[in-house]
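Some structures to go through are shown next.
Next, two complexes with subunit A in common: one pairs it with subunit B, the other with subunit C.
Showing the complex of A and B:
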């Protein structure tokens, strides 16, 4: 499903003293199968933007096209449920939405709402569990006796079980320890690669945007300030600073090394080990000079 | 959902009404609530309505905003009107539909009662619109202070009130977040049979309760960590103080009440 925003503006609490414009004239396009990162400082409108993709919010002005669905104020009455089945959202702290007595029932909750046939539900649950790397023993447990990280996986499984074509992630790593963050991000990346799932990651972690995204949109003050490939975006450090965002750690490190030793090492999405090897080699050469 | 939930939502400002001491405002509202019930003819109702209108003008808030804010109460007001219309059997019959008679007394009674109700809601909503929840609880604590002598836990009551008021917006935000998350999982609160809709509330309420209990626990912990031990020896950062504006407002209000009683 291609996603297209056309001149989208959104204002919260229109016609009250609290009215606040969160999105201003947004134009953007996300192609099927892309991994897109939407980055921005707190309050830049990231979360508001993502809620437009599955019709939780309708634009005050402009329109959003998601596959066959056209979302706009003039076009209110349509079956948003169908859209929500295809565009799954993992909200920030998704474990807060758990409520059922057992993990199994919680994962199947969405499936039942979307009227998935009963004989298919079981396979979908097992499938989702495998995707989030949880064992079958958790199925009969109450979600509230699990650890924080496990609860989050259960909540994510609940979204993945719907087999969405588009997966929207709102800060999926918030509040996790570094190891947990990496596990979860690798899991989403794997899903994206193997299932060709369109993935939209909303984050303020530049490291994640750099490591996984094909395309990045930088939001500032409710408008798209920059867009491009990670390479294009992160080569404009000054522009990025204007949006109150940092450079990813790896890039800052490489930049400093290049400056200090006059080398020209490039990141090229390599793992730390591979990068370290090149850095070591280059420094050795450097010494000989 | 939040757009019409403005009963009791404080709108910061710097109007004369905003600057009044919360105790004065509370006393005015409290007496007004009683006085409304003494109105017995159109002139006295008119006088009170005029008073309410002037109050609204003084708050410098948009009148449409205030009227829209009491939307949920409109239903009750209209319901009261219809109830009186049907039940009261006084005076000449105006309309008779198949043994279902509407009397003139019913129309009058319905109008006065619902107008009274409307005035009450309007004026009390002005209090919360122009006074921060903190100010209101401070004022209540001060005004009720004499009851401490007969062992009424005034401070604890005030604290409970301010905590619950403080958490209303938080809980509303939370409700909105969870309902959006469940809507993304296919919950539909707007359509379907009544039974379906009642069941659809469960996925909303359970997470809400869980987070509310967690929050309460965290709050208690944080308060104890900062040495909270109840009201004993506790001082206030902002002391309430009556100013010239308050004395003037009180005198004018007294005059208004006197004129009101002479109009009855």
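Showing the complex of A and C:
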């Protein structure tokens, strides 16, 4: 499902003293099978934007096209159930999407709602639990009697179980332990690669945007301030600073190494082991000169 | 010096059928110390914080705050000195506007009206939320909620500050700014600080790092020494900061690191020195 935002503006609580314009004339395009990262300072409009993709919010002005669905004020009354089945959102705070009495019922809620056969529900639940590294004994527990990171995992499992075509992730690694963050990002990336899943990731971890995204949108104050490949975005440190963001650590580090030793090491999405090897080799060459 | 927080043989479980989350748990945190608590999901970090401010009550053992045993009769009074930022800030909003939310904790502590206005202004400015005074806390963005929760707690000038993943929704720069603000306040007011976090950069602020594993202290150490046991840490659900990982890999190529570097500058310095010696 291709996604297109055309001149989208969104104002919260229109006609009240709390009225607040969170999106301003957004134009953007996300192609089927792309991995897109959306980054931006606190309050720049990332979560608001995400919620337009599955129709949780409708644009105040402009329109959003998601596959066959046209989302706009004029088109308020259409049935969005099919869209929600295909575009799954993991919310910024897991508490916002957990509501059932047990974890099992929570994960199966969507499946039942979309008439997935009973025997398949069981396999989907097990498969989803495995993807988020939770053991079966959480199934009988209340989702609200879990630790923050465990809740996060359940929320992710619930969305994965739906096998969405578009996976919409709002800070999905917040609250996960460091190993969980790596595992789960790799899992998302694997799904994206093997199932051609369109993945839209809101993240404050520039390292994740750099390592996984095909394309990055930088939001500032409700507008798209920059867009491009990670390489393009992160070669403009000054622009990024204007959006109140920092460079990913790994790029700042490589840059400083290059300055210090006169090398020209490039990142190339190297894992730490490969990067260390590259550093060692370049420094050795350097000594020989 | 007397400890600010002390756990003595504490046993805690959420209900009778559940396994113990903490079992004969002991911990002493000195006054003015900054302690980071890290550990895998479900290892018991938030439970420790909630016990320390009396939101949860242990089934056995005792908890002392500034050398006074926490009991049901003094918990309200003792909690006045403790500021806690919850893992989900939504659980702590009490005001209908951001300004009221900050004011609430101050009113509770009998701060004068004049000083209240000043503290509200300062604390909201410090977290970058001065323009949102009249917004409703529940209608803020994820990161704004965290900023307001931090401001509300900082404004009360707590003697003990418990931060439970208080900056998890902030970008690295925002996080640095907020933490440095908190640090300034800490220097000024002598605050004992416990930071629960999954962010391995954040721990560099701490004097001491406690690693939790399945309800027990796996290691109680300093930031510098923490990654010496990198294999052990990885086996219990932690990972390594990039600079540590690179240093470990570079050891294979005969680079030497006296301690594992925790940030880019430390890494560069160590790499430079080690490269000269080669």
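FYI, the second predicted complex is superposed on the first by the 259 of 289 C-alpha atoms of A that agree within 3 Å, B and C clash if a C-alpha of one lies under 4 Å from a C-alpha of the other, contacts with A are read in each partner's own complex, and residues count from 1 in each chain.
The rule is short, and it goes like this: a residue touches a chain if its C-beta (ideal position, glycine included) is under 8 Å from a C-beta of that chain, and two chains touch if they have at least 3 such contacts.
Treat the numbers as computed from the prediction; the structure is a model and nothing was measured.
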After the alignment on subunit A, I want to confirm one thing: do subunit B and subunit C clash, or do they fit together? clash
Once the shared chain is lined up, is A:81 touching subunit B (first), subunit C (second), both, or neither of them? first
Is A:14 touching anything from subunit B or subunit C once the two structures are fitted on A? First, second, both or neither. first
Check the residue A:109 against both partner chains and state whether it touches subunit B (first), subunit C (second), both, or neither. first
Determine, under the contact definition given at the top, whether A:222 touches first (subunit B), second (subunit C), both, or neither. neither
First, second, both or neither for A:257, with subunit B first and subunit C second: second
Kindly classify A:143 by the partners it touches after superposition: subunit B alone (first), subunit C alone (second), both, or neither? neither
Please name the chain, subunit B or subunit C, that touches the greater number of residues in subunit A. C
Tell me which partner A:178 touches in the superposition: subunit B (first), subunit C (second), both or neither. second
Kindly classify A:230 by the partners it touches after superposition: subunit B alone (first), subunit C alone (second), both, or neither? neither
State whether A:59 touches subunit B only (first), subunit C only (second), both chains, or neither. neither
In subunit A, both subunit B and subunit C touch residues 13, 17
Report the residues of subunit C in contact with subunit A in the complex, numbered from low to high. 14, 39-42, 45-46, 87-88, 90, 128, 134-136, 139-144, 147, 165, 168-174, 198, 200, 234, 237-239, 242-243, 245-246, 249-250, 252-253, 255, 264, 267-268, 271-272, 275, 278
Which of the residues in subunit A end up touching subunit B in this complex? 13-17, 51, 54, 56, 81, 84-85, 88-89, 91, 94, 96-99, 109-110, 113-114, 144, 158-159, 162
Residues of subunit A that touch subunit C when the two form their complex: 12-13, 17-18, 20, 39, 41-43, 46-47, 92-93, 95, 145-150, 152-153, 170-171, 174-182, 204-207, 244-246, 249-250, 252-253, 256-257, 260-261, 272-273, 275-277, 279-280, 283, 287
Please give the residue numbers of subunit B that touch subunit A in the complex, ascending. 2-3, 6, 11, 61-62, 65, 177-178, 180-188, 202-203, 206-207, 210-211
